[in-house]
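For reference, the structures are reproduced in the following blocks.
In the two complexes below, chain A is the common chain; its partner is chain B in one and chain C in the other.
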Partner chain A sequence: MTATEIPPPDAALSPAGNPLGFGRMLRKEDARFLRGQGHYVDDLRLPGMLHGAILRSPYAHARIVSIDTSAAEAHPKVKAVITGAVLETLNLAWMPTLSGDVTAVLATDKVRYQGQEVAFVVAEDEYSARDALELIDVEYDPLPAVVDARHALDPDAPVIRDDLEGRTDNHIYDWEAGDAAACEEVFAKAEVVVAQDMIYPRVHPAPMETCGSVAHMDPVTGKLTVWTTTQAPHAHRTVYALVAGLPEHKIQIISPDIGGGFGNKVGIYPGYVLSIVGSIVTKAPVKWMEDRSENLMSTSFARDYHMHGEIAATKDGKILGLRVNVLADHGAFNGVAQPTKFPAGFFHIFTGSYDYPAAHCKVTAVYTNKALGGVAYACSFRITEAVYLVERMVDCLAFELKMDPAELRMKNLLRPEQFPYTTPTGWEYDSGNYPAALDEAKRIAGYDELRREQAERRAAAAEPGADPAAPLMGIGISFFTEGVGAGPRKHMDILGLGMADGCDLRVHPTGKAQLRLSVQTQGQGHETTFAQIVSHVLGIPPEDIEVIHGDTDNTPFGLGTYGSRSTPVSGAAAAVAAQRVKDKARIVAAAALECSPDDLEWEHGRWYVKGDPSKGQTMAEIAMASHGSLELPEGVEGHLDASVVYNPPNLTYPFGCYIAVVDVDPQTGQVKVRRFIAVDDCGPRINPMIVEGQVHGGLADGVGMALMEVIAFDSDGNNLGGSFMDYLLPTSMECPSWELGQTVTPSPHHPIGVKGVGESATVGSPAAVVNAVLDALQLRHADMPFTPAATWRAMQGRPLRPDLAIE
Partner chain B sequence: MRVTMKVNGQETTAEIEPRLLLVHYLRESAGLTGTHWGCDTSNCGACTVWLDGAPVKSCTTLAAMADGHEVRTVEGLADPVTGDLDPVQQGFMEEHGLQCGFCTPGMMMTARALLDRNPDPDEDTIREAISGNLCRCTGYENIVRAIRWAATHQTVDSQEVSA
Partner chain C sequence: MQTPAPFEYERAASVEEAIALLTRHGPEARLIAGGHSLLPMMKLRLARPETLIDINGLADLDYIRVEGDQIAIGAMTRHATVLESAVLAEHYRIFAEAERVIADPIVRNRGTVGGSLCQADPSEDLSAVFAALRGQVVIRSVEGARTVDLGNFHRGPYETAVGDGEILVEVRVPIRTRTGSAYEKVERRAGDWSVAAAGAFVQFGDDGSIADVGIGITAVGAEHFTCAPAEDLLRGRPPTAEAIEEAAAICAASCHPSADQRGPVDYKRHLVGVLVARALNRSIARARGEAA
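This part shows the complex of A and B:
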């Protein structure tokens, strides 16, 4: 299949009019959501259920002198008040993070960021629980805070993690990839070297549903059930078993409908553990739901990378090398959720989509007095930062060479014949046709016409008497290569758990099927897409295939949904399981038809005798025969099931080209995104409607990060993004009508060729918008987000530090 | 204090604290969990319901303020007799206007109010009408299309139900 050839959807339709496999299909899950009958954690009500609330630190850094809970305990509706001292008696005051550090469940010695958990109240209702928080008297001894990551390693910086024995500074790790010596050589000889500092500010995934849980420890059976907002229910179960010493077979994690995740719901938060402790202490179910400020101030942030890039090239624009130094602000605890061997995630994919021999990166991570986290928000384990870096550096190079950024990219893109391609930092890109994607994006955008318009506007603006309010037009390009679908398990694990995922497919006697998955949807439409995958292989109508997920008692083990891994990993598991069922169905059909399996041919949903299509068995007939009295060949078991654990041989590498067109108001600094063109190649599209929806959402993320989203801090470490009045999300007014295109390059190693798409647009779009704004301003660089004030300052030559309100 | 209000045509009553928010009254006292809580500051619109025919954000409306008034929630969008979906609900399904579903009830209540006021809104009008409802999944594109779908598939029945 060539890159631009779009495969037709599976032609046949089911009795309900759905495609028997790939194609546009309305979502099965919509029926409940449209009627207000979704079932989110906060919708759960259990008999005798109590409510928890968390007292949080007002300080970024302070020693706890004393905590007096007596007045709260005297509140008539309060059932329990839990402090760090109580947890210490249970050996639960600290818990491991997903990256080998520990984090406080409730602070015992010090608070280390504003919003950190200090005490937990359990009461008869939520209002009373929150009332009682006011009755807790905590005496703090404030300490100087480390807010600016660039000063975290100063000799006189306060040591944040004095809980760790022998620790005398705020250094977490240094990590390198690539070849520093090769870079030295290339950079020393290069005709052109451009260096640029840039910040990818701290942002927050901010799903519409905040995090929460309902825990019920049954005092009779000893079984713990936790309904919780998690993207990875099985991983949570194992961690609870390891943390609390609870028997894993007595823990059931149920992840019901999840109101958006975007990475925010991968980690384990103190509130989840506290709801469990609360249930153990009170012997009743305990619900804890954070409010929006708690979500923004204390749960996994994203990014916070201070980057210094250097790009080397020839005078005519052939890139020779790229090197980068990163200062990574990890907050007060190292709680990033990356595969263990990759402390900076997949950042070392920063070489991007281009062909050059030399690359090197060094990442230094530090503690600061800010909330922990650092992987969330649809970033594919830091590929968002990597793509932003390289796409900004390429534009910086174009700026210095006075070259068209599209032309510069085309000159350096990897060529189709180079795939599979091993990058200078060791990734093996599976497949791609990058020039075709760039050409397609330019075609949809009418790129040459846009450049002509821009030139005319600039000429008009230079005329005497020109309109001072005439908008400044900018065009920005971003080309991205994503890497999704972690493992393979020998290279990738989280907390020692290999990144492979299980799947069980059972075809019932009447030919209806159930598919059980380890991954968990947060809106991606798994109940529809995965049914289509099975339908594609087996021809069973998708409406006859029920997808079961989000319940550890009823699904096979696997690491869950993040890093765009559901379709690349579990989608492969489902396809392989369906293929195994199909292979077994052939044997059963042969037995029923009294012929050899080799004599049978397949057409959608039916094995038939070669040369005699009238003699055959449908899947429904085969399913009944499998469960019936038909004598099967020696060694063939009855029933029609398959269990698969899929261990991906490599990541899949979706890619795409995005073009943003912006107008900047020269008098106010307001940026309007006039157009946004997104060409994505994620391999064949199982359900194009869902794929496009995934892209739309990611593009809005990109506009948000480029133009408004930032969690800044003042010099005392006060979080200045603690509500939706301060942390701005894009609305329908800031988002243009997205213009989508596609090319199709299947993955050669995925059973059905698909690559995953969930995070592509979030990864690729911020650089396009930023490049467009800077093109409009004719500046080489300024840091996002381009709020009107920041844009105005950049136009005046006084760009702002986005991460700090006060320098 | 005791409050009484009609919710989706049904009279409800409960003894409440005066400070109880309408969103919590609907979810806890009336048992209608289709209305979601998302932000506390009136920004996100997940809690949007109708109070006497006009959309309000129920996270910043006291239940006491609805005493003696009529409230309509997402559970009251479909035809109460036949269960048929309102064109807005159908449009959200047809055009993939929802993903995680969390903002959807508030978004649809806002959309229904818009279409009752303006049965044929253009894209700009739709975007402005839903600008007080945040969605983190869809990038709004398909929500706009869903509301356009509803505008072009209005039925006499739905007009009567929503009136």
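This part shows the complex of A and C:
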């Protein structure tokens, strides 16, 4: 099918009552999840399995003077104590990051952030392992810590990475995109220029399941099996081969059920490597499972962008240009997980959804004494930061022009006839009808009515004797363009591995099928969605299609699930594989029906003879025939299967318009999200229920980031977000009943027209909430998260720095 | 997983046995009630009791009942029971209002009144409630029972009048007529501890002035979770807006908040003023039968 038209919903139902293709159906995986029968890494119990625990640095920056492990080794249940010195003898003390840097597996010279790995204990049980950690005596010589990214490049700032030859400062890179000169010209002449500093603070993906692994180096076969919490099993296998010098064909990565990833489970953590080393040393399987604080303090964080934006426009609100300077806090090691040629991820998509000629960004990345990471938490490789920047800047402009922010957006949105549209920073948006999405969101919200209510409330509040506690009402809009489905091989690779995905589809003799994928669900519902994709093409009931993933020995190579890439890339691979099977089925059916393939016509699930619909072969019949004794034409092999490697020609560009309505208590600063309207366009929806679930989760993320989530550090570099008492995730109590809407604009280059949606809501929603809060306060800007204290301080004109300890 | 340091475990079948076990195991033994404060601290290895004495079997300490002119609440009464108690709702709305914002249903199903008071967390909500109502606690040991006013119960953060070999068995609050009460809390998120919270009761005299009043304040270093000067200021005065403002301002000025990620000192002080005024105003409205 060409994707320019909207496919009709697949109307027919399977014997189990499921759609034979697209449509709502219960998730196949939920039967086990709802019964508590999911099987996660921590559920694994192998005979003779030992348990590892990591000793972590209490300091943000300190020289290691000495480590005495003798008391721990004397613990009766301890099997091994591994330090950086031990790893050095194996050449494993350091490992490469996904961004061309190195990071310590166990610290040897210095610790560089609080929570960094210092030693690893392997013991008979997890209690003993943790008991033994307390018996390790580490002498530290504390050093001053670089906490405030804005001072990382000060001449007297302590040099964090003195492990790197010739390092004299904390500078990682400068990177630019767009046209600085064109911006100069536009900004010099513009009638209006608004500049604004803003922080997208450090947050954490905080998946329900923390990270962990069970490694088993079989001493007999020499084969290493690692059951691990990874979103990218194949990439992990290759990295282990490269890091540890192990033969890749002797490594099997199994990623069982994963309890949420959001980008947190892309990277390779020291704990994983240590469980492998532990297994090699002890010759037994070794489990390592981090606890909540370890997850929050040491694994991949997200964001931490200090941005200075400038927007140029005419007096009547035509945007002319946007430029931005970013100071990016990468922590102590540059461990960002993103395509090699994109050091700032896809941040330079920051021009957003609007039509203007000039754009430029410069990103300066620095080391600080904080954990590494930076691309995680459903950010689509930093499009979250980009959308936040542009949507805040547009609101700042509306504020200065005293224009309605919806009107200002409508005036500048890209028009449908401009697609495919090449942005000033070089992205080619595939398809969109942006004004329709904005109109639809306004319609659902009752936008004009809301503005009227707001005006009335403001007038009432100005009356003498007005209730000083009357809530301040705010309305916030965010329009976002996402870019997902990384990506075209010639532009995108991670550690040299091109971002194309393999996929194998095999139809068994009885017509039941198995689909093998390289991507890895962490809760997104792949087992259902991918079965529906195949069903959509072949008409085989989704319940008859088993989706197999998460085991490198049993699935084809591919780069995994993050950046909302599963459906755009592997979904396309599955659709193409199904199409190939369908084409081959036609040849087999023709042989069985003794006619030419050209004489056959397709109805969902069946090839039949043109003009004689009673003569035909169902997919099940064809499957049996292709495995049977039927003579096939010259050159046609038996069986019914297809192998595909899909190299996406471009990203897909889902988009949407979000409107938040908030009420702020003017005396306490408490923010209540009254309503949230989300119109998403991700092309045709394979399973609308799953799409809605993804959107719901992302909207909750957005409320969380806008109102409460942040990891701040005190001046000694202590992590102030190291538990769920400190790092607050939103609950249902903070979330309104989401009001969802949709428009449907298919992707012209995806085989079934679909776009990714996994991160749209996380990307799009924080700006809507923040814009609403600032609209309520009638302020141009203040930084999120709007905790009651931060909101009140913003009202006082003395805003808090979200990234530093409150003093 | 976070794992506690090794400990021994004992289960008490009666208050007498709990006291005997406490005496036998000495100061390194700890009672465990709902475990919602103690277990997290043990898992973080901030607490390392040598022995845990489980008192969850002491069903006879799980009650809320009227005894003469007092309400008696057993130490093992769960938060959820307090939240839903008709007896408490009839006399003091402050209980349900405070309980509704203490932690979440899972914690409230296990956490106990006794555990909350004995934990003596400086942000504990029930401490503010009982301080406002000027309750008393009953503490038992081998020597028998003694009664301590709430004003003398807290000895500092995480420290109470309960000594070695002692167990808190009951909390009492006086029943008052023509009274309204209320609780106001600001939290960053449902289930979070207070940024600041304030509770109050107001009792009217025959002349329409405030006959008695209690103010409870938590999370901001208010001495004994209350503010006696503000109460003194209101007692005997008509409940005017000015009087309330003045009392609230005294509370704000006299507490000792510290800055943390919940907020800076100026905000917390400001919040105390707002919340005390709101709690007093709603108490007054309720005492007059004007508000639900």
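In this section, the second predicted complex is superposed on the first by the 797 of 807 C-alpha atoms of A that agree within 3 Å, B and C clash if a C-alpha of one lies under 4 Å from a C-alpha of the other, contacts with A are read in each partner's own complex, and residues count from 1 in each chain.
One rule holds in what follows: a residue touches a chain if its C-beta (ideal position, glycine included) is under 8 Å from a C-beta of that chain, and two chains touch if they have at least 3 such contacts.
All values derive from a computational prediction rather than experimental measurement.
Of the two partner chains placed by superposition, only chain B is touched by A:Arg27; chain C is not.
When the two complexes are overlaid on their common chain A, residue A:Arg793 makes contact with chain C while staying clear of chain B. The wider contact with chain A, measured as residues touched, comes from B rather than the other of chain B and chain C. Look at A:Leu720: by the touch rule set out above, it reaches chain C but stays clear of chain B.
Residue contacts after overlaying the shared chain place A:Met708 against chain C, while chain B stays out of touching range.
Within the superposed three-chain model, A:Tyr127 lies in touch with chain B and with chain C [touch as defined at top]. In the superposed model, A:Val186 makes contact with neither chain B nor chain C.
When the two complexes are overlaid on their common chain A, residue A:Thr731 makes contact with chain B and with chain C alike. Legend: residue contacts after superposition of the two complexes on their common chain; A:Arg292 is shown touching both chain B and chain C. Once the two complexes are overlaid on the shared chain, A:Val226 sits clear of chain B and of chain C alike. With the contact threshold set out at the top, residues 42, 127, 291-293, 725, 729, 731, 733 of chain A are in contact with chain B in one structure and with chain C in the other. For chain A in complex with chain B, the residues that touch the partner chain are 26-27, 29-38, 40, 42-43, 127, 205-210, 257-260, 262, 291-293, 522-525, 689-690, 692-693, 695-700, 723-725, 729, 731-733, 735, 737-738. The touching residues of chain C, counted against chain A in their complex, run 1-3, 5-6, 44-45, 104, 186, 188-193, 195, 259-264, 267-268, 270-271, 274-275, 278.
Contact residues on chain A toward chain C in their complex (touch as defined above): 42, 126-127, 130-131, 134, 289, 291-293, 469, 667-670, 707-708, 712, 720, 725-726, 728-731, 733-734, 787-789, 792-793, 800, 805-807.
The touching residues of chain B, when paired with chain A in their complex, are 17, 19-20, 27, 32-41, 43-44, 46, 73-75, 77-78, 85, 89, 92-94, 96, 98-105, 108, 123, 126-128, 130-144.
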